[in-house]
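Structures for review follow.
Paired with chain B in one complex and with chain C in the other, chain A is shared by the two complexes that follow.
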Partner chain A sequence: MGSAVQWLSFSDVWRSMGPELIVIGGAFLIMLIELLLPQQQRKVTPWLAVIDVLLAALVTIARFGGGILLYSNADYVVDGFSSLFKLLILLGTFFVLLLAIAEQRKQSLPYEYSYLMLFASGGAMIITSGIDLVLLYVGLELLSIATYILVALNRKDARSSEGGLKYLIIGSIASASILYGLSFLYGVAGSTNLGQIAVTLQNAWANDGTILFVSFALILAGVAVKISVVPFHLWTPDVYEGAPTPVTAYLAVISKAAVIAFFLRVFLFVYGAKYQDWWLVIAWLAVLTMIIGNFGALAQRNVKRILAYSSIGQVGYLLMPFAAIGQTQNVNDMWQALSATVFYLFAYAFMTIGAFAIFGKVAQMRGSEQVEAFAGLYRTHPWLAAMMAIFLLSLAGLPLTGGFFGKFMIFLVAFNAGQYWLGVILFATSAVAFYYYFGILKAIFVQEPPADVESSRSGSMLTVLVGLCALGTLVLGLLPDPFLHILNTVHWFG
Partner chain B sequence: MYGNNYLFVLIFLALGVFLPVSSLMVIGPLLRPNHPSRAKTTTYESGLEPVGDARARYNVRYYLFALLFVIFDVEIVFLYPWAVEYKHLGVFGFVEMLIFILLLVIGLVYAWRKKVLEWK
Partner chain C sequence: MALQPFLALGAVLFGIGLYGALTKRNLIIVLISIEMMLNAANINLVAFAHFLPKPNIEGQVYALFNIAIAAAEVAVGLAILLSFFRARNTSDVRDMNAMKW
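Right, the complex of A and B next:
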């Protein structure tokens, strides 16, 4: 045993992984509580999960801005990047749990979701902080395996089982592809630590350029499957349609945010030097994703599939900052790109979860998932209709909403980096997106409600949740300054 | 160059394809006598008459038990190196291992409460 190995102490573990410990430890505790409680009292378990998430968020906020801390031979890092992504993940999990609780009053979901979501979020949080290949992969698998089960949660529903199986097979292949790419990286560098790999690779580019490009391509392909980048997106509409609505929101927001964090961490750390030669691959993937995501949505009548295709298009916007900065040497451009991505992810979380919440409610009330189910929602449920209008306008990127401001920031990144063509495609595809979002808005505001619909109450839980999401969307659009200040002053990486 | 290591993989791959193909498809048929009969094409079952379909069906519950078994089998794999290095790892390693076993026990409790262990 070399004496260079520095043993961790328990206080180190707590200081570095506090929020993760709360989330994962809490998940085990909630699991035991759920098992030991009698059937009628199990209603409290999702609420325990909500409290757990809030506790972890408090710990994350308390440690925010504490500079950059490295732990365990520099395998685990607490920096601005990880803290912001952790807050995003916890915020998303909080909303999705509330959505699941609201949904559960009508449609009975097994209570397993409360701790499975916590496990998945714990994995997602490990991804944001890990700077070691093995640790990153363990976090990724924890997230993936928990979400495979979540998709198939309604196991008596054939569509849910089908979605679960598809997601399991495709997700496993993606994980295998990522792992294969990481193994080449380890083979060349002889270390699993991202920092050491980056140092070793500086001399290895000349000799092992080919094999490193193979690893780059394999990791990129795996990540592209997980965040549904065209041409790896084909599973997305089926899985999103089959999964229970809260789980769909979870996949669309938290799962994607975490894998984007993985993508940024690995590619900026490891391939940083060579990225200037390969950025065009990502640029074209982003362009294809924006175009096919938005045009694909035009052909759909099922609102859940429309939202699925729209989420594919949104991933194109999220990739764009990193496609745009590929050519520049300027570090400030990279920080700006990170700010734009994180800002858009926050706006995306609010508007997507809100839209899925209202969709779930409407699909339950009207018994249909088609656009027609939204007919005359304004007459029967004015509050839901107004909130849905905010979410859809934000997704489309109209001014005064968080979606607009996020897109604007992404456009500025492309503009500053001199990639005007990417900015043009962003606006052109947004114009396409207007068309299908306005189809839903037309159904809500113009069409008459079906005669036999009784005006049921929307449920206080859902009303509050939707209001919170709308508030977040509007605050990011109208008063973005405090948040932008945080993004501008944060220490992203070590 | 790291890429050169894969040259060996390529050689093994080529040999792996070449040897069986050459011996089974080319050299074998040239050397061996060829007297086919009906009895030679039947399934070999230690001298018994072959009965039934090759695709036998099992109860799916076997797989649940197999999964649970694998988990505790793997636990042993982790316990051995820990036991060997016990003195070196100290209290930290001891508590880590207790946490690990506790997590597995929670899994067992889950299986038990969800009635996986009952054979109906």
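Right, the complex of A and C next:
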């Protein structure tokens, strides 16, 4: 918001916010259609949402690599960073919607999820493109409030509303903390535009260092809650367990990716000048998260909680490149760190959604969420068993999978920055992770299936979905070159 | 008037809100405490907008956005609380214990 008012024509708005307009406008339309359709015909609404997401992805791809566009006095930017994160968000939403459609056939999840997920994804996309404090906060809250409802959506299960309430309370405290921190940034810089704040702050550290440190701590604490970094992770297993399985996958992938984008954008723009002072904080948070996330999973028997703790551990890996950026202060290392983060997020999206999809199916077939429910899955459903093996081995980081290559890239970033100790901890905690993933694999391949289990078919929808996720995981592991080429040539920031 | 009293008021409100949200047992009081935390930020924004070396209106606009968002947040909170109350017949934080460690 500059001094002069600039009128935006519709073509400008369309060129900058096209994908967001499609997603949010589509969400309103689907909400209306869902309301007007009779009950039996409402099952088309998730398919409308799928079409909407595909349209938005097409528009994003058409814009991709088209240079950096700044709109509305540089409050909204379409650069490589935002385009990649938007593609990740849309891909994740696409898979989660397919998973929800597959789950729908057996479990009565109300159809409201179709447009609520679109609203949440719209908010997530605004976060990746906004470079104004107002936009960033509005996007963050659009994502958060829609996901609070999604978690509590299964009204037949008391755990769902309990999880929703826990998520709402913790998430709102985190949002308030972020907002309070952002208000100090505005106070010091006198502007809500991240670019202007970055310019002003270069000279402000001498006078206003204390207040900036307070704002840094408040925003970091809020973000740490939202992506479940370790001292602030205790809500994660409860909320993941209580939420319907597609929503759990949504929280684990899209919600986290969007807040990581927020984190990267705000911290690199605003606090970049003082990076050498605080990278060690990030490094220690990463270490704590990796250790406690992976060791916490060891104590669990419920597979959904194991996957929740494993997703905490994965966030630890994702924080490592941040620490590396701070140590080297080299621009090329920064691009490399961003590449590693985005690559790992894509691999993480494929393997996590796939694992949750199979978990949901098995929990429904065997009527239990414990590890024992997976006993003898290989005998009854060989396809699901083989796919689950791919996802778990990728999450653990076995070679030839996307998870391994992503971890390897993160390790290289840490290695180049001279943080060998971080690399060592990455591999040590991965070894711990192997232990609990192999517990599930042992149940699948070694144990006998229970005698009374009926051999229900896995459903064509689910078969295709896990096939696509496994394909993505393997392609990122075996043929990463085309994707790496995109990451290396992209213009990250505007 | 100077800027400092307003910032102090904001800090006190934020502190009371955080304390209430973390310690109170009644979920409605917890939601009210969260509202106080959000309003602390609004006081900061409006005070800064007025007392900046070059006063501008962005802080006030930001505060207006926040008020709308806070209303949406508390509406959703009360709706989920109602659904929790129907399932468990309680609004006490200590009864959120169906899932543990």
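As a convention for this text, the second predicted complex is superposed on the first by the 491 of 494 C-alpha atoms of A that agree within 3 Å, B and C clash if a C-alpha of one lies under 4 Å from a C-alpha of the other, contacts with A are read in each partner's own complex, and residues count from 1 in each chain.
Keep in mind that, in the parts below, a contact is a pair of C-beta atoms (placed from the backbone, for glycine too) under 8 Å apart; a residue touches a chain by one contact, two chains touch by 3 or more.
These figures come from a predicted structure and were not determined experimentally.
Undergrad: Just chain B (first), just chain C (second), both, or neither: which does A:Asp12 touch?
TA: neither
Undergrad: For A:Gly187 in the superposed arrangement: first (chain B), second (chain C), both or neither?
TA: Once the two structures are laid over each other on A, A:Gly187 reaches both partners.
Undergrad: On the A-aligned overlay, A:Asp277 touches which partner chain: chain B = first, chain C = second, or both, or neither?
TA: neither
Undergrad: Based on the superposed arrangement, let me know which partner A:Phe28 touches: chain B (first), chain C (second), both, or neither?
TA: A:Phe28 contacts chain B only, not chain C.
Undergrad: Who touches more of chain A, chain B or chain C?
TA: Greater contact footprint in residues on chain A: C.
Undergrad: Kindly list the residues of chain A that each of chain B and chain C touches, one partner per complex.
TA: In the superposed arrangement, which is not itself an observed complex, chain A uses residues 1, 187 for both chain B and chain C.
Undergrad: Could you please specify the touching residues of chain B with respect to chain A in the complex?
TA: 1-3, 5-6, 88, 92, 95, 103, 106, 109-110, 113-114
Undergrad: Applying the document's contact rule, which stretches of chain C touch chain A when the two form their complex?
TA: Contacts found on chain C: 10, 14, 17-18, 21-22, 27, 30-31, 34, 37-38, 40-42, 44-45, 47-48, 52-54, 56, 58-59, 61-62, 65-66, 69, 72-73, 76-77, 79-81, 83-84, 87-88, 96, 98-101.
Undergrad: Spell out the part of chain A that touches chain B in their complex, as residue ranges.
TA: Of all residues in chain A, those touching chain B are 1, 7-10, 28, 31-32, 35-36, 187-188, 204, 207-208, 210-211.
Undergrad: Can you list the chain A residues touching chain C in their complex?
TA: For this pair, the touching residues of chain A are 1, 133-134, 137-138, 141, 144-145, 148-149, 152, 155, 158-159, 161-166, 168-169, 172-173, 175-177, 179-180, 182-184, 186-187, 190-192, 237-238, 241-242, 299.
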